[in-house]
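Heads up, there are several structures right after this.
Both of the next two complexes hold chain A, though its partner changes from chain B to chain C.
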Partner chain A sequence: MEILVCVKRVPDTSENEIEINSDGSDIERDDLVYSVNEWDNYAVEEAIQIRDNVGGSVTVVTVGDEEDEEVLRREMAMGADNGILISDDAFEGSDGKGIASILKAEIEKGKYDLIMTGAQADAGAGQVGGMLAAMMDLPYASLVNSIDIIDDKKIKAGREVEGGNQEMNEIDLPCVLSIQTGINEPRYVGIRGIRKVASVEIPVHGASDLGIDASSVGENGAKVKRLDYYLPDLGEGAEMLEGSTDEIVEKMIELLKSKGGIK
Partner chain B sequence: MEPALISPAKMLLFGFIPTAIFSLLIPMIGVGLFAYIMAKRIIPLILASPDFRFDRICTRTINVLKLWLGQYRQPRYMVGGLIHILIFAGFIVLSIRSNQLVIVGLSEDFVVPGMGGIVGHIYNILKDYAATIVLITCIIAAVRRGLFSPERYKVPARYGKAHTGEAIFVLGMISVLMISESLFEASSVAASIQAGLHAEYLAPLSLAWFLKMMLLSSSKGTLQVVHILSYYVHDVTFFSFLCFLPMGKHFHVITSLFNVFFMKLDKGTIKPVKWGVTDEQLDDLESFGVKKFEDFTWKHMLDFYSCADCGRCSDQCPANAVGRPLSPRFISIKARELCFESYPLEKGAKISKGMPLIAGLLEDDDKGIYTEDEIWSCTTCGACEQECPIMIEYIDKIVDMRRGMVDEGAVPQSLQKPLKALEKRGNPWGKMEKKRAEWTKDLDVPVKILDKKTTADTLYFLDSITSYDDRIQDIAKATARVLTAAGIDFGILGKAEKDSGHEVRRFGEEMLFQDLKAKNTGAIEKAGVSNIVTTDPHAYNALKKDYDNLPPVEHISEVIAKAVTSGKIRLKPVENKELVFTYHDPCYLGRHNDMYDIPRDVLDAIPGLNRVDMTKSRDRSFCCGGGGLMLFYEPEEEMRMGQLRVEMAEEAGANVIVTACPFCMVNLEDAIKTSGLEGKMEAIDLVELIDNHLIME
Partner chain C sequence: MAQQIFAYIGHNNGQAEDSALELINAAAKIDSTAAVTAIVVGSGIDAVCDAVAKTYKEVWKIDAAALSNPNAEVTRKILVNVLPADCIILIPHDTFGMDLSPGLSVKLDSTFVADVVDIEGNEGGNLKLSRQEYSGMVSAHMECDISQGAAINIRPGSFAPDESQSAGGTVTDKSGDAGDIAESTRRFLEVLEAEAGDVDITKSDVLVSVGRGIEDEDNLEIIHDLAKAMKADVSCSRPIVDAKWLEKSRQVGTSGQTVKPNVYMAMGISGSFQHMGGIKGSPYIVAVNKNSKAPIFQLADVGVEADILEFVPELTEKVEEL
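Up next is the complex of A and B:
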């Protein structure tokens, strides 16, 4: 089975103190450390496990610049067979649809049975997977938390549904899946693993390689533009309970009772 | 002069078969079989990974004299130890006699060279008593094993069956050897006395002496039968015993001497990934760590052969005590069983090379004798190694297997985050580098941050937890005040300091450790200090044992002890007379670095301090739960180690636990809270205590 996983390099939330920059256009990016988007990492692990079971290959792809190559190497150290870096100045400032159309161009160059994305990344929009599937006219399942390969035509994908329910779907291949965390336990990638793939060639594809009209992507092609970026003011209704543990517990119980949380 | 009885060397069975044939055949078959078994047992050692153990021959010889011949560690468990010492001493004495006896079957007057005359007579008395003592001890040991078996001999169901059968069988064999040897001698002496001939003097009240008394009234014919029969019973038992030893836990009778000789000499260190491969060559290694049986070094295999199954390691193991899935004893026993199965003794039987060790680690293989959790459960506290009478190692094996797991990517999710943070930020929480020195803000004494321009004599190396943890920063602050009071010119590395990597290495992530080590070494060199002090025993051990060519490293307790002695620091008396202090020995200060007295001396320098020791203290100290990455690991366990430790302090009558390690502080303070002892028990670091008692001029 030929599997493609779309990955993204994101600021690591657990290892950074995220602050908004002074002009409110973005977060402060100096002093940040980056890593593979957590959801993508689960997707790559799942792809590797599927490949190990049924054969085939795993390709990881990202849209970015030379700094983003680092995440491809990390995923290749994990076990992905190939990496592709999609990079062009024209891609900068693309919105979700732009990214999806860039990925579509890359995917159409190859022949993949299964395309995976993380359920969401740092921006939290969770849009690329769905758009990509729609643009390519492929079946799509989001928030997938289990995959069973039935044969080379069909898979069974489990989805997490609100309220702890589980849904199982049979999906025709090729298809696009967005992967939820917890689907597996991603393996550890140490420095040694990364060094082993340090010299592997990673092809870079630009707009012309992919036959993309530069004006349809990037900042110019973006139909969604970010207007502002800020930490909302603390609203009413949030209340800090103070006092000793016992007092806090007592106040808490009273509050819950008065608001109808407990009887 | 003709002896009263015909000796086995001259006896003719049924008047025409010389029994000397048996005297020749039995040893020939016995030695042949033994050589065959030993050759088979040596095969895996040859296929094993290299290990460098041929250095410092003098030290090694002294170790053999002290630990093997002197049985130095046996009395740590008094009853079992005493029994062992008696049997061991008996074996040593009787080894000469046993060999002599084998040859006597061919040549009746054979005397071991140097054993003639007066020496021989003295020896004979000695060996008579030795045999007697060994027999009595064997009976006591068998009764103890069968009826009053200590808890530590039990074999939990998941580890297989108890080994009591084998133990009793061997004790029986030894007893047969003692009785037959004495019967052989006694029958001869009895016959000589009956015939009025000169008889060998038998040590009064010895086994042989009693047997002689019983046999005096027997007929000469009976004595002759007893004489010959006892000889061959002894001969057959002796060689059966020899060939039985390499079959199980009694292999230690043969291997322990070598195991002690080749023991690890440098406590607290970790073996290289592969002996003979330098740190620079590590990138070229195809595989890291121990994944298959032959990845173990030959010495580690010898350890498996040598385990006598005495259960002392597991009895002391804190992981075992709190119900984690680890029992060091079975690390050895399971590996030995795997080895014996993979390398069968039968001629032509197939050897199974490359047996996987950890279940599910390697592709398509659920086989394996260990589980991943078992190998992650160890805190590397060293209690097992401290106890083993024959110096079996565990930490290096555990670390080697962790290296294998890291290499395969099999790292628990709970450890992946801190490891990645260490890679990116140099500390397991992923906190910002620039905040490493934040604790110095609002401090009442100045702390220099060393770089090319700012220098100092002493570097205070904090390590991650002391730099970043809110509670532990108090230890750093106290240290700054104490160092200032002692008039020491010191500074810190600030954001240039990285985690020492002590646990990174011990959790098997060698390349990340190498990276941290290189960064720290560079920063320390740049700081140009003449010595280093640390309050963290893990950092202390890392800088001392894992790093190379650094300025001398001291733990803060050493610095305080010197300052107290020289009068630079003066301490005021304890105000609250109700307080009873106990000192909890951190594993990496005590067991791994033998520093037991200095911290106690420092405590005792505070006037009026009432101090008691816990039953488990000094080199038997009980691990608090582990430091570094162990704080992040989520083990399966019934209770926290810290909780047991706090109970021990309570039992000792203490209400203040003094420790000298930031991780002990975290674990013990947690345990005090979870045990509901808040207000009744407190934990304090040695430096904080000194800081509280400083007399300021």
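Up next is the complex of A and C:
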């Protein structure tokens, strides 16, 4: 089975406090720790496990610049066979549809049975997989938390739906799936693994390689644009307890007693 | 002519979801003069349509036995067949809306916006709205060109419900326009119900809930100890279940359990909307988190900026002494 996984390098929210810069035009990028988007990492792990079971190859692809290459190498250290960096100044500022159309052009250069994305990334839109599938007229399922390969024509995929229930579907290949966290336990990638793939050549594909009209993507083609970042006013917020730990604990116990938390 | 606005009505067990009452108010923020048409797709949905007609002046019903199971692919085809060009359709941002809308926008050749929490206004097809990014840690104002139509996913609970029930609307059967509704490349099989756990956290009065701040499975002991001292049950946020440190039946959130305790102790939980969506009944919320910017501090009643690994054992010790 030939599997393509679309990945993205994002600020790691478990390693950083995300703050807004002084004019609200962006988040504060100084000293940010980046990593592969968590959902994408689960998708790559799933792809590797499928390949190990039924054979084939796993290719990871990202749309970005030379800095984003590191996540491709990380996922190749994890076990992906190939990496592709899609990069062009014309792609900068693309909205979800722009990214999906760029990925479509890349996918049409190859032959893939299964295409995966993470269920969402840093912007939380969860849109690229569904758009890509519709653009390519392929079946799609989002929030996938289990995959069984039935044969080379179809799979059984579980979707996470409300209340912890799972919606089971049979889906024809090729298809596009967006992967939810928790579908597997992504393997650890050590520094040795990263070193092993450090010198592997990663091809870079630009707009002309992919036959993409530059005016249809990037900022010019974007219909959804971010104006600024802000912190919403969600009301009063919590009463913050301050003082020594003993004082805080004492106050909290009083509050918990009065609210029925401690009887 | 103003753009037509539609609201996609989610329903379950013969009842419209709460979002049905919210989408009409979201639509009013796009165009306060628009007559909003509700669309209900399913099988045996007369009761849903009648209920929805109390809120919407016009309700389109697409009813067929083949539509008894959820299938975003089939629903997408139907909507492409029945919707007029350049319209705006509002859809709840739930697991079905997430499945449906990105692809729908491609097929309608319209603009897609996900998970909208507020709408500021529409100036000649230029819609300004708000979303959240980075798991709710920051919000963003967006500008969207909706002049050629749009599929806009609205976060449930973000807009006030219209509870007037005074629309006196009419239901129009559009089933004949739906086109081919057979499942093709994606076929629904079944819904597997979540497994019951050893503890039913939906019945708990006090919950000690743990999130990513616990850092390591071995550290969970401090949470169990606090819960024991407080005679509370242990629940958790999604990353703890993803890591397989606690069973799924203990997960609070839209993709887990909906709980309604009196007191909720959020220990090392950032407070994403998916998590908070599983907490009902306005409990007293205590938050301890080492990140002062965590959204949980906006939502909790009382907060402590501290590392739970240090704070929780101190609290447990004092509670045990009582």
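Just so we're on the same page, the second predicted complex is superposed on the first by the 234 of 263 C-alpha atoms of A that agree within 3 Å, B and C clash if a C-alpha of one lies under 4 Å from a C-alpha of the other, contacts with A are read in each partner's own complex, and residues count from 1 in each chain.
Just so we're on the same page, contacts are C-beta pairs under 8 Å (C-beta built on N, C-alpha and C of every residue); 3 or more make two chains touch, one makes a residue touch a chain.
Bear in mind the structure is a predicted one, so any value in this text is a computation, not a measurement.
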Partner chain(s) touched by A:V54 [first = chain B, second = chain C, both, neither]: neither
Chain B versus chain C, judged by how many residues of chain A each one touches: C
First, second, both or neither for A:I150, with chain B first and chain C second: neither
Which superposed partner A:E17 touches (first chain B, second chain C, both, neither): both
First (chain B), second (chain C), both or neither touched by A:R195: first
Touched partner set for A:P139, first chain B, second chain C, both or neither: second
Chain B versus chain C as contact partner of A:S35, first or second or both or neither: first
Doubly contacted chain A residues - partners chain C and chain B: 14, 17, 185
Parts of chain C lying in touch with chain A, wherever the complex brings them together: 70-73, 76, 94-96, 98-107, 111-115, 128, 130-135, 137-146, 185-194, 205-206, 212, 230-232, 238-239, 241-244, 248-249, 251, 254-258, 262-263, 265, 284-287, 291-293, 295-306, 310-311, 314-315, 318-319, 322
Contacting residues of chain A [partner chain B, same complex]: 12, 14-17, 31, 33, 35, 52, 78-79, 185-193, 195
Complex interface listing, chain A residues touching chain C: 11, 13-14, 17-20, 27, 96-97, 100, 119, 122-131, 133-135, 138-143, 156, 158-172, 175, 181-182, 185, 223-232, 234-235, 237-241, 245-246, 248-250, 252-253, 255-256, 259-263
Residues of chain B that touch chain A when the two form their complex: 282-283, 288, 363, 406-411, 413, 415-417, 419-421, 423-425, 430-432, 434, 509-512, 515
